[in-house]
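Some notes on the structure that comes next.
Letters A, B, C and D mark the chains in the order given here, with residues in each chain numbered from 1 onward.
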Amino acid sequence: MPNVAENLNVPPPNHVLVLDGQGWIGLVDQMGTETSIVNAARVSFGKIRQVMDQRDAALVKYLIANHHTSPLEHVMFTFLVHCPLFVRSQWHRHRTWSYNEISRRYTNEDITFYLPGALREQAESDRQASKVAEHINQDECRSLIAKHHAASLRLFERLLAEGVCREQARGVLPQNMMTTFWATVDLNNLIKFIELRDSPHAQSEIREYGQAIKKLITPIVPHVAEVLNWS
Amino acid sequence: MPNVAENLNVPPPNHVLVLDGQGWIGLVDQMGTETSIVNAARVSFGKIRQVMDQRDAALVKYLIANHHTSPLEHVMFTFLVHCPLFVRSQWHRHRTWSYNEISRRYTNEDITFYLPGALREQAESDRQASKVAEHINQDECRSLIAKHHAASLRLFERLLAEGVCREQARGVLPQNMMTTFWATVDLNNLIKFIELRDSPHAQSEIREYGQAIKKLITPIVPHVAEVLNWS
Amino acid sequence: MPNVAENLNVPPPNHVLVLDGQGWIGLVDQMGTETSIVNAARVSFGKIRQVMDQRDAALVKYLIANHHTSPLEHVMFTFLVHCPLFVRSQWHRHRTWSYNEISRRYTNEDITFYLPGALREQAESDRQASKVAEHINQDECRSLIAKHHAASLRLFERLLAEGVCREQARGVLPQNMMTTFWATVDLNNLIKFIELRDSPHAQSEIREYGQAIKKLITPIVPHVAEVLNWS
Amino acid sequence: MPNVAENLNVPPPNHVLVLDGQGWIGLVDQMGTETSIVNAARVSFGKIRQVMDQRDAALVKYLIANHHTSPLEHVMFTFLVHCPLFVRSQWHRHRTWSYNEISRRYTNEDITFYLPGALREQAESDRQASKVAEHINQDECRSLIAKHHAASLRLFERLLAEGVCREQARGVLPQNMMTTFWATVDLNNLIKFIELRDSPHAQSEIREYGQAIKKLITPIVPHVAEVLNWS
């Protein structure tokens, strides 16, 4: 696993910042290219090729357009993700990824919290969405949240000082707490993730991660990005 | 889905209480029996039977002892689970289950929190475990936690009143918040869950759910329970 | 597992014949209803219902139309399938099912072969399809195939008589050999199977099984069938 | 996908021959190392390292011995496999792999068959195994099998000449036919495959592939190989 920092709050070199710089996602490892996709697809016909030409680019587009997605599963990515707990819970609902996450049962170091840069209003018509706020007192609300984060951390540390074990004490920490996890997935399932999470129905915060993933992998699978209109 | 209550804080009829009555797990639907297991196993040999006899009981034991577990996958269970968020996060790491969970993006009703009945100390030698507390001031610590829960809920409601959307406001709610989810799994993967979660390495809270599952399904798969020493 | 026959070449009571009566698929067990789907979906909003009304039917349609398919995973089916080996191989590419199959390593009884009722021509333009034959000498070709099946079985039995083990001797048996397997799947993944296998791109033989599944489960999930235009 | 041949009957450079040279498995791509495993495991404690030391080797052993296998899922392998159909069917029962296989619906070129180098006898006591043959007339039996392969191919080609489509004509080809497929899997599930398929209960033919995989990946994960006694 090349080039990752010693501290889990520091992103790896190839990363994209999100959430006003409070979160990030880095690409730390990768296997396969679009030539892998083409070869896995052409095996049906008993063919293999060494380099891609224009017909292969057309094949990649055909496969995606027609949901013949199994050849995409030979391309893999490993990411390191730094995000709030509530984003992590949405993410881990995707069961085709492999995950390993920091655990507050085992360490109480480097605890930070996500403070929304801009608070959004509840949408009236659509229960799934929020909208840009016009009437919210941003300064006051953000200040209340920041104070709550600090009070939560003080209580957590107080409980530890009283002798309470980490696995119980962490229960007082809010869902805005930041976490870090390894995440490995194949290209087929990654595309499904992006469709669901970089969507107007998804929460704005996780959507930023979906968009960041597109930026990170477009150089590796440019024809896939083109057919899916990622640019 | 038979016999479930209108309110998601009320357990279905066939349930086991855990966490001093603050949590519960109910069995709401089920498919297959030990005869299903035996028939799925005997298909290799071209055989089917209508009822189980003693040789079939021996076969169930042989299958489990020798990790021939695919026949167990034709027996399914659907549970309704009421647990703290931190237990939910451990549970959802098991990727062979199907889940549907209450979302605080869509409702702000019936919010409650888990208040540990007894706080445990950090174990010295084993970083994964906690132990019975001798030196903790239980009353004071539990009172601090309860006050923090109330303060968290007040801030959540204050933010909603200020116009902040639920999906952002919920970030201040602590991981002790209770949640409710549907969970469907086959017997093979359920046994793996129990092995990992009803274990001395697991956190005491999720372990109670693992033990409750044993009680709920032992009447349905008595020979499986016997070979795994669940009694 | 209710009501299955002693011999694996005999279908269970609730079945559909396919391949001119040479193959069949039976529904032998089932869990959940459309009410299960609705309840699993409404848990997001903290709601549960006992019976379905018109709004629930609309919800089922909304879920499928918008690919919110996780609530469909709490409805399960177990089938018993009797089909040629080449259909089995296409079927087992679907990795979300649970399978247990008769094995010719363990039994050499009740061996039969699929003899196509009508042979089809190779399509010119589309490499994936075949078409109704006009120029094939059906009687002669079918007779050649039938004789080959008989010769294959004779050689298999000769090899067994010579002392060769079943697991090696079976290698001479053709892919038209019939097999029988248990297959359990949830409704979400069953719909994906039907979309891929009851399709003009799929081989005609497996397509008959896809259509038979629709007939077997439409009475159980009528609104799902309606929104997917299965009638 | 580096260095694969144009013809699917030719192995890639990094391969192991099996089945008397009639079959082979090649390693064509790979992601992650034992350092990836260690880092994914240490994230629980908030730690990352650049290179492995002796404590890390001990950690790899601890993880495997205690079934903490999720960190192994960030190491991936892509193989190209050339094997008989009956081995392919056993292999594809492993549902955590990604597969793409040559299809006789789409091509009728380069068809070959597996002719066992030595025929084995049926074991008396254990229905799963075969044993070294003492009483089999090897020459005669192998000659009968070889003739049957040739007759099967002639019939296949005759049917194509009569206008029958490939997808139906292939039904006469025996399970000894060789096939080729791409196969991608993570290290955790690969170890499970090896435990089941390089086992005395497994058929000798697939066991050779399990042993070949060990040879191919031992240089990449030497401490894993050591703790599992692969040498």
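What we mean here is this: a residue touches a chain if its C-beta (ideal position, glycine included) is under 8 Å from a C-beta of that chain, and two chains touch if they have at least 3 such contacts.
Because the structure is predicted, anything quoted here is derived from the model rather than measured.
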Centroid-based (C-alpha) most distant chain relative to subunit C: A
Subunit C turns onto subunit D (C-alpha superposition, degrees, nearest 5) by 180
Since subunit A and subunit B are copies that touch, is their contact same (over half of the numbers shared) or different (under half)? same
Note: subunit B sits from subunit A at a C-alpha centroid distance in Å of 26
Could you put a whole-Å number on the gap between the CA centroids of subunit A and subunit D? 34
On a C-alpha centroid basis, what's the spacing between subunit A and subunit C, in Å? 37
For subunit C, jot down the residues that touch at least 2 other chains. 45, 70, 93, 99, 105-106, 127
In the complex of these two chains, what residues of subunit B are touching subunit C? 1, 4-8, 29-33, 35-36, 39-41, 43-50, 70-71, 73-74, 76, 78, 98-103, 105-107, 109-110, 180-182, 184, 186
Within their complex, state which residues of subunit C touch subunit D. 84-86, 88-89, 92-93, 95-96, 99, 105-106, 114, 116, 119-123, 127-128, 130-131, 133, 135-137, 140-141, 144-145, 148-149, 151-152, 155, 158-160, 162-168, 170-176, 203
